[in-house]
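Note that chain A is present in both complexes that follow, paired respectively with chain B and with chain C.
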Partner chain A sequence: MSSASDTMTAQPTIATQKIPRRRRLVSPGLLAALPVIIFLCVAFAAPLLAVLGYSFMPEKTFELTQAPTLENYLAIFSNSYYLSFTKSLGLALTTVVLLLVISWPIAYGMAKIFGRWANFLTLAIIIPLFVSENIRLFGWVLFLIKGGVMLGGLKAWFGIDGESMLYEVPAIVLGLVYVYLPFALFPMVLGVSMVPREVTEAAFDMGASRWQVFREVELPLAMPGILIGGLLTFILSLGSLAESKILGGQAVIMIADEIETAFTFGQNWPLGSALSMLLILFSGTLVLTLLNWIDLDKILGRGKGGNGD
Partner chain B sequence: MTERQKKRVTHGLIITWTGALLVFLYLPILCVVLASFSKARYFRFPIPRYDSGWYEKAFESLTVRDLVSTSLSIALLVALVSVVLAFFGALAFARFDWRGRRIYQRLVLLPIFFPQAVLGLALLIWFSTVGIIPDWRTAVIAHLVWIVPIVTLVISIQAYSFDPALEEAAFDLGATRWQTLKEVTLPVLWPGVVSGALFAFLLSWGNFPLSLFTTGADQTVPEWLYAKMVSGYTPLVPTLGALTTASAAVVLLVGYLSWVFMRRAQGR
Partner chain C sequence: MQFDRRSLLKYSAAAGALGLAGPFAGQAFAAREKELNILCWEGYNSDEVLDPFRRQTDANVSAESGTSDPDMINKLRAGEINVWDVINLNQPWARDQMWPEKLIKPLPKDRFEPYFANMMAPFNKDYEWCYTADGENLLGMVQRFGPFNFVVNTDKVSRATAEDEGFNLFNEASNSGKYGILTYDNWNIYHMCIGAGLDPFVKHSEADIAAYEKVARAWFKGAKLLTDDLVAMNLALINGEIDFYLTGGTYTSSPARLDGYSNIRGITPKKGPMAGGKGGITWVEVTSVVNNPQGSPLAYDFLEYVQNPEVCHAVAFAEGTYNPVTQMGNPKVFEKFSSEELDAIQWDSLEEELSNTVDYQINPDYDVMNKIYNEAKREA
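Up next, the complex of A and B:
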């Protein structure tokens, strides 16, 4: 016992002598992280806790002081809300599958074929991201609407009459694919660039067909990037609102729509909160799994490693 | 077909597909620009008469002036605050090795993946619970929740390439922590800081889902555009849409050029 306390008291003096002054302060990393952590606690964690709290309040209350109840969650499961959930899930899944199929050749080209043009292409794909999402979606409305760019053009130049696909489910999927394409593409480019050229060449030399090389070499090696892009776009589409509002009319009520309605028109914060919690839990689990699984330092630190491998 | 020809065909297909993607990405933006030059009250294609009258109206309109000043105030403030927070946040993310780093890295990225509409609503009830009446300043907070993590990520990418030996050398030469930060760390990370500020400004300028629920009685440009798209269409919608797009492009170009310039200056 006494020897232990001896070493305890002895340690600080040694530390001050050996370690330079700056190491004695709070760890610099924590210090630097502190402003962001405090901000996110106040403006991100606290609001979510409020939502959690409201989700256990009785129907249509606007304060957190009532006795907690489970009635909101029960109401969700006994009403037709599961329909919005399944529809949102279905739309998100369709979007992801389309995105992966569309992105693959482009990701392959950017990682293996285009060379220095890939940088230019990256820029060209990023630029539209800075145009407000609803302006771009409105552009699609102008394109798709009856008498708009596509149908009006077809009629005037080719005499073809067509039906507008606007305000139907395919239009929503188009919007989702359009808005989230970069988020599927860029992780996939990273994934494809992790496939070493020698390995594909070796497979070809040993007589593998193009399809075999794709299925047994390229696809598995690029899988981390594909999965990241897929999960990311899945989560984003699941919580999307603007696409179904602007392009979908009332064709599909997405889950984010239900949440908004409950909060605004419905004036039922507890119900909206409970719906939000289900969405948050579902996507939160996916996000954390994803983030836990990838090596952030390796992926982000690659930039300086030089010119792609 | 020989192997070589096959390869050429595949490459040709991939290039065509990529070209189609670029058309796909810019098509709706082109449609908006096209519609903004139409004279008619309602959009029809092919456009019967071209006219730039709606641009004049947009520049004269007081509503537009209000909207732009609200959007601009939010975006500038967001860019400023997010860069300061994210600069230190990025040092903690990429530069320092500390015990909580792994968890910190993951938690900081969470808001990026969060459904923005839900985040906006959560903030709305949070503000109301603590008794804050929403106006454009609460929208700044809302934008920051989403944008600080993004800017942290942007600056982190720069910080990963940072050589800690530079800081150590400064310490060894007797610089204080503050001097080192100002004279060594900040100049090295400067390109990241500038692109971070640029991202922050543009993302805030174009944001809709967060503003929708957190601006209270104030209104930003994307909010107004949305309101008019849903009901009460006026040709000012494509006009203002085209204008905000053009201004974002100008900011991006100026930012990109100054970034290239700085990179070059640093290389010397």
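Up next, the complex of A and C:
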């Protein structure tokens, strides 16, 4: 008994006794993330830092040991590179607007109407992604070129002589919209599927018109998906190269083309690096601003409190 | 000697490190005996060229093709000098850039000079781009070459007219929208110089540069299509989107010609502003051994292997583009080519075209002209 009573009396002492915590030098979370951190530092940050370093080197140098200079940035601002930046920007914006307009009805159909046919459509859109982008674009060249599938067919069947749309700006936009459609569409499908049917039905019951439901209910609720898709396609279009080269005959010199030229024929790594940094800075600012605006948790269906609400 | 736990751990770790490093270090040296890395223009990386060498040497041979001479040199500059054993570029880079920058090493003359004797003229005797300026060191071997100026669809512009007019064809306002520019930047710049009545390979005055700029801006404005893809350019020429294009020659027209489009023809102007009144340029590839600190001994064997007649033919007609080879001066090599193949590489006019060209060199004003070129392209 005595021992039992001793135990009974000892229990509160143990419960209230503070066990000194061992001070950990490294938290388990950090330790677990270490391989990924090291990988990112080596594979992601180090090359970027090298590019940043080169952008401050004198022109045409191939080493990072020279005295830093701003001459590359000055050269960019004093030359007509703004044309490539603004034209790339214009093409990217046009592409995003077109993609959003085209993707909305498809996304709506896939999320709300098509039922199991949506899976078929998903496959039909995904399968071409297994073919190289250049080959798909070259297919478009064969379709659009003078004497090609479209114009050759029109001439053979109807005797109509058409002008090819190749090597002009619209051909570049066509290529961009075609290539980046899945990147706008699928986030948008996710966005539209986040709009509860009950909410739209309630809006209709309360006398809202179709347009009002679209503008005041569906669009705001699907906005995270729309923004993610728009952001993704904007960044991809801004850094695109193949569409302008293959379909556009370089009717527009994209900023990615300028960077490639500086690194290869120009043999001017510092200039190419400075152009790259400006592009990264621009895209990065945009991404961070928008991500600040979008509630990623909401998109992923997680409430802030983690309770699924 | 007493062992405690700490010293045991220390010696075990050292032994372990030796055990790990030893075999790997040995393998690193041994691997180079059976490994060869080639950086080249497309063709040398084809299986037709490489497979017999792989079988012959039982070596792991890998080859990567570049997109431009400067691009490939940049790889060596960026530290890949430790990766590559053989580099294949156009003629001026070995002597004027890679040798001064210690990126390549000389070839043993007694082993390689005898191969020149059987080559076509002018490659058969002391071809200057294979040697250092003082003639002391042999820097590489020559094989593929070709005139490289512009290409026409002879159904639209006759060969005679094109040869007589030369690059003035691109200056005529009536031809605006009828041509493309194959954007091999350095070559375009040379041809724009010729179009402005300038020799691209001499130092230029301010007036010369202004004349060049005028031509560059006009040509970009008048071009219907810019692309760096020769297949896309030939397709546009065959389908009637354009009537002619610069920059081009046997290298770009031969794939279309071998496919039966004999109306696609590389043109060398009969006269022009360069030394001796010549109006065209010829490229010649020089293949060198990279100054790799752990270079593979197979690099030299490979340079000998490609002199073999069967391999010469494989190199000339490897996938992609088809080109004459300097070894065609040797009847044993020449007999490997069919009449269709000879027609594809314009053998009928090759000698005449060569006599109307100068060697491709480095332009002393390339930097300033390249800036203007890019501005003109951007602002067109």
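By our rule, the second predicted complex is superposed on the first by the 250 of 309 C-alpha atoms of A that agree within 3 Å, B and C clash if a C-alpha of one lies under 4 Å from a C-alpha of the other, contacts with A are read in each partner's own complex, and residues count from 1 in each chain.
To be clear about the criterion, a residue touches a chain if its C-beta (ideal position, glycine included) is under 8 Å from a C-beta of that chain, and two chains touch if they have at least 3 such contacts.
No experiment lies behind these values; they were computed from the predicted model shown.
Once the two complexes are laid over each other on the shared chain, residue contacts for A:T95 go to neither chain B nor chain C. Set side by side, chain B and chain C differ in how many residues of chain A they touch, and the one touching more is B. By the touch criterion defined above, A:E258 reaches chain C but does not reach chain B. Within the superposed three-chain model, A:N79 lies in touch with chain C and out of touch with chain B [touch as defined at top].
In the superposition on chain A, A:S55 contacts neither chain B nor chain C.
Once the two complexes are laid over each other on the shared chain, residue contacts for A:T233 go to neither chain B nor chain C. When the shared chain is aligned, chain B and chain C each come close enough to touch A:I246. Once chain A of one complex is fitted onto chain A of the other, the partner contacts of A:L166 are limited to chain C, with no touch recorded for chain B. With the contact threshold set out at the top, residues 62, 138, 141-142, 145, 147-148, 245-246, 263, 269 of chain A are in contact with chain B in one structure and with chain C in the other.
Of all residues in chain A, those touching chain B in their complex are 20, 22, 27-37, 39-40, 43-44, 46-48, 50-51, 54, 62-64, 102, 105-106, 108-109, 113-114, 121, 124-125, 127-128, 130-143, 145, 147-149, 152-153, 156, 178, 181, 210, 232, 235-236, 238-242, 245-246, 256, 259-260, 263, 269, 272-273, 276, 279-280, 283-284, 287-288, 291-292, 296-297, 300-301, 303-304.
Looking at the complex, you find that chain B touches chain A at residues 6, 10-11, 13-15, 17-18, 21-22, 24-32, 34-35, 43-46, 84-86, 88-89, 91-101, 104-111, 113-119, 121-126, 128-129, 141-142, 144-145, 148-149, 152-153, 156-157, 160-161, 171, 177, 202-203, 205-209, 213, 221-222, 225-226, 229-230, 237-238, 241, 244-245, 248-249, 252. Those residues of chain A lying in contact with chain C across their complex are 60, 62, 79-81, 83-84, 138, 141-142, 145-148, 164, 166-167, 245-246, 249-251, 253, 258, 261, 263-267, 269. Of all residues in chain C, those touching chain A in their complex are 67-68, 70-71, 73-74, 77-78, 180, 183, 185-186, 224-229, 232, 235-236, 239-241, 367, 370-371, 374-375, 377-379.
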